[in-house]
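Per-chain numbering from 1; labels A, B, C and D assigned in written order.
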Amino acid sequence: MSIRFALLGAGRIGRVHAQTLASNSQAQLIAVADFSATTAQQLIADFGGQVRSIEAIAAADDIDAVLICTPTNTHADLIEKFARAGKAIFCEKPIDLSSERVKACLKVVESTNTQLMVGFNRRFDPHFAALKQVIDSGQIGEVEMINIISRDPGVPPIDYVKVSGGIFKDMTIHDFDMARYLLSEEISTVMASASVLIDPAMEAAGDFDSANIILTTASGKQCAISNSRRAAYGYDQRIEVHGSLGMVSADNLREANIEVATANGYTKPPLHDFFMTRYTAAYAAEIEAFITALSTESKLEPSGTDGLQALAIAEAAMASVTQGQAIQL
Amino acid sequence: MSIRFALLGAGRIGRVHAQTLASNSQAQLIAVADFSATTAQQLIADFGGQVRSIEAIAAADDIDAVLICTPTNTHADLIEKFARAGKAIFCEKPIDLSSERVKACLKVVESTNTQLMVGFNRRFDPHFAALKQVIDSGQIGEVEMINIISRDPGVPPIDYVKVSGGIFKDMTIHDFDMARYLLSEEISTVMASASVLIDPAMEAAGDFDSANIILTTASGKQCAISNSRRAAYGYDQRIEVHGSLGMVSADNLREANIEVATANGYTKPPLHDFFMTRYTAAYAAEIEAFITALSTESKLEPSGTDGLQALAIAEAAMASVTQGQAIQL
Amino acid sequence: MSIRFALLGAGRIGRVHAQTLASNSQAQLIAVADFSATTAQQLIADFGGQVRSIEAIAAADDIDAVLICTPTNTHADLIEKFARAGKAIFCEKPIDLSSERVKACLKVVESTNTQLMVGFNRRFDPHFAALKQVIDSGQIGEVEMINIISRDPGVPPIDYVKVSGGIFKDMTIHDFDMARYLLSEEISTVMASASVLIDPAMEAAGDFDSANIILTTASGKQCAISNSRRAAYGYDQRIEVHGSLGMVSADNLREANIEVATANGYTKPPLHDFFMTRYTAAYAAEIEAFITALSTESKLEPSGTDGLQALAIAEAAMASVTQGQAIQL
Amino acid sequence: MSIRFALLGAGRIGRVHAQTLASNSQAQLIAVADFSATTAQQLIADFGGQVRSIEAIAAADDIDAVLICTPTNTHADLIEKFARAGKAIFCEKPIDLSSERVKACLKVVESTNTQLMVGFNRRFDPHFAALKQVIDSGQIGEVEMINIISRDPGVPPIDYVKVSGGIFKDMTIHDFDMARYLLSEEISTVMASASVLIDPAMEAAGDFDSANIILTTASGKQCAISNSRRAAYGYDQRIEVHGSLGMVSADNLREANIEVATANGYTKPPLHDFFMTRYTAAYAAEIEAFITALSTESKLEPSGTDGLQALAIAEAAMASVTQGQAIQL
């Protein structure tokens, strides 16, 4: 028996998830809502389903689960509404830019006993998942130190930057989640340094474009994260985990696995330059994991708490930059 | 207006192509034929369409094109039948194991002015396609020498070996096609050496499991091909092209792009170990190319002649082994 | 006319430098001093020269330059003695574990107008030197972020640890020097986190075995350093420099450039596991640079000030760990 | 007690070997002979020894061994002369361009019971030696197929080409020796294809610049060799050995282990572009092996027979090109 879905938000990422639903025989796309009727119509033309209002979806008997792909500032309200409506919920990260708002939202989720999964897609990237499996296998012994290098291909539009919550909540938050996931231990201390090196408009917007962060756990494990908003050579996404018996690393991806050798040297193509092509498999895998977990009544991960914890680390990183000191969580 | 397809043969590769049709808005799967009604039913359960007989499909008005995915010994007959029925044809390689039979078949194709594409899927592999683009861009200058290393993960079942036509017609034929495709010049001379090093059953079956082949063109360009029926580390598929200004190479693929470093060294996972996972993208791309070419009324490639030429090289390679001399084509 | 050398300290690193002198036609090894007469005799048996006392060397007319390869706690005294004796001086790092003592020593160097070079050998590693050349060429644009991963093969003997000055002064000091060298800008702020994850004896000795450090310059450039005292796979020494137009990285070295592929995957050998084999070329190049600079009367680098600055950063890193805050330099 | 050497030929490779002798405490350079007295004088100015005539060296009591580094056409005569004079002999490859002449020469070697080593330096390259160790360790099981890609950086001067004996005797002969060494079985059949693709002057000189060769042993093991006289990206020297349990490969070497990533992609520097820098370690190791074997009275390898066998394969390769058939050895 397949799970009946409503999709809230028919934009770029909404379409990606609609495609995953379409190719999964355990899922059915029943309804689509979007602020723009045209956008919703375009989606159902390609993937089926009906256009409905948010209210109609919340009230519907034929909807088991919703995928929230609307703008960030609507997430918490929608989660609360659909929690109260008794639907299972997948919500794109972040739940909200304020950890206070997230806490309030999660109380509703808890009190309604709602199944909620937050869209930290990188956990589902097949390469990072393989890295996690190596850790879990014990091949590298006890995890001690993690290094994450995460660089965007380019600075986002400044209008987006202004509402993004800043580099730590918008960009590094994915790395914070991966750090927690791979360390299997909560972060206790955060140190961060941030600069504007790329685009002065970032400074005008009160944000940073370059940052390094050190996370430490109670047992002394550490994770160093290095971020830049611009990498000339593409979307740079690397993780390495150093343990007592060795190290495991996941390297970058490019579209064509070729190399050209000339008098100038040996050249491989630049990396993927867009998160949606880099993480295509991850986006599909996270929705498939959501479907599978609902079908088998398993625990949903990453949870609302995972979303909250990553946000708390982001807030601590910002405080560390401002105060010039290590912040205890 | 989408192209209406019939699928002949609902086995492993038939299902792969059915999936590609399903996800392409310009294609429609109308009918499926298979020797086993059950197999055909299973396919339409997943991908739609009706089960029909070969005869009914040939006679049908609502079929524009057929995909021939049946056993090799039926290919030539089916091509002739559907050529006469006025359908566009995609046929899995090889057209036949006898170049005489292929020539006769291609005469029917020509006289009926039929659109025929042969399934040399490797031309459509995105990595090999990128390598071809580098050649065409002139970055490596004039192509001079090509090296293809092509090793299967393991020896096929001996019952298959017996009807396969032998290593050159069954396995190396893909490399022969790539050599012609990348050299952009016909092969004029073939030298080959072949041995049984892996499995004595190959010898009993009159076949080889290990071979090296040198192809030379009239202008003196050369391609060296190295084949083995077994590679402990997976499906080894490499091409490098050496030219007057440099070299371009396409390396192997693995599922997870990770590396584990321990006291024993730095280890990457084995390669894909199955041609259908290694060439997933290529299989989809070749059918998409077929659909696009039909939609835009473009020339189909690889053509029947491409199939014939590769087969002729395979026959020459076998003659070279037997006679211990270079064979002129 | 060749430069006449005395070697102070005939131990492991002393022998390495003696070999470099022996193979350089512009240098001549005249005298050797060591606390152990036997050790000094062994060295002159292989490389020539006379055994002399420190005092005799300082008083000698036939000595132009000294190489100080004695234990750290003698460095500052010896520098002062030979500065006053008018000799050019190469001294292994560090000058002293106390920046106060170093400052006093450098005053003598300055007042005597002595030529002093400090043995930060990594600047002379051909791979790091090539990386520096790429930076200087402008290929990667403005330097913005540096990532250094520096891991020892194993924890040093605890007796050594106790007199080493701690991880930052003993191990990270090389990375601090490389950070300054590659950033071409002084460090203004230091944040560090340090733990004992490998060997509890480190904690008993008041030291750490695992650390992350973030260095920031006045203009906001950053360098992240990741240290571990143990890497199962060898001596891990990587640097990458990210700039406005791209990135340059120097990867690890292994003795044999081979790869073994089996059913378990593709394996390259572990790294060099000893700093003296990893940095063989660097040790030779630094002494050759010293000889060349003396021969051509060029400026010596790294200078005493470079030694002092790196030490000051190490002290700031320790203060950051203790105080839990960013330390301004 | 050290071995007393005479060096015959003080040119480029003679100097390389003189340096190896100088740094080996078991060897002593006593005498140097060269057609040019000036060249000989220059060498002894740097490395010591006396200038002597060939005749004086042959007659001398204070010479144990000679290194023959003179032009190829003098090798056989010199070997015979010094064999009769009772000296141990290291001779650069080839002994002669005619296998008949080599056979005659080896009869003298045998009848005088002379210790003779032939300079196939690649066996001593540390990377190829490590590859051989992996084979011998059994990690890849039974050796089945070998692939050697060997490309020079550029076409040699045409005056050299004319006296070189042709591509197979001059260039591929190294690959033939490696094939025999790694297969541990004699070659029984040779097939070759050769072309002029780079420089028409090669054709005028009766030579080729591009070739592929297939060697087969009696048991059916095969080695494919691919040669080009010009590679835009440097001196391309790769070997891979495929066995029943896996594969081992040795990859190319470059001077700096760095990579630059820009909008154009990830670029590593070109390869070494000169055999003397590529094989520096190999040249030293072969002379050290010669010294050690003499010191320990061990068997010398590669032997005169190794030289003869490689030459016979070269002659067979040429015959295969001319006759268009497989040549039996």
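Rule of thumb we're sticking to: a residue touches a chain if its C-beta (ideal position, glycine included) is under 8 Å from a C-beta of that chain, and two chains touch if they have at least 3 such contacts.
All values reported here derive from a predicted model rather than from experimental measurement.
Peer 1: With centres defined as the mean of C-alpha atoms, identify the chain lying farthest from chain A.
Peer 2: Relative to chain A, the chain whose C-alpha centre sits farthest away is D.
Peer 1: Between chain B and chain A, is it the same set of residue numbers doing the touching on each side, over half shared, or a different set?
Peer 2: Shared-number fraction above one half, so same.
Peer 1: Starting from the mean Cα coordinates of chain A and chain C, work out the distance between those two points in Å.
Peer 2: That pair's centroid distance is 42 Å.
Peer 1: Between chain A and chain D, what distance separates the C-alpha centroids? Give it in angstrom.
Peer 2: Using C-alpha averages as centres, the distance is 58 Å.
Peer 1: If you look at chain C, which of its residues touch at least two other chains?
Peer 2: 231-233, 245-247, 261-263, 269
Peer 1: If you look only at chain D, which of its residues touch chain B in the complex?
Peer 2: Residues 141-142, 144-145, 147, 149, 151, 189, 191-193, 195-198, 210-212, 214, 216, 220-222, 224, 226, 228, 230-233, 236, 242, 244-247, 324-326.
Peer 1: Over in the complex, which chain D residues touch chain C? Could you list them?
Peer 2: Where chain D meets chain C, its residues are 23, 25, 46, 126-127, 129-131, 134, 139-140, 245-253, 255-263, 269.
Peer 1: Can you check the complex and tell me which residues of chain A touch chain D?
Peer 2: 231-233, 261-270
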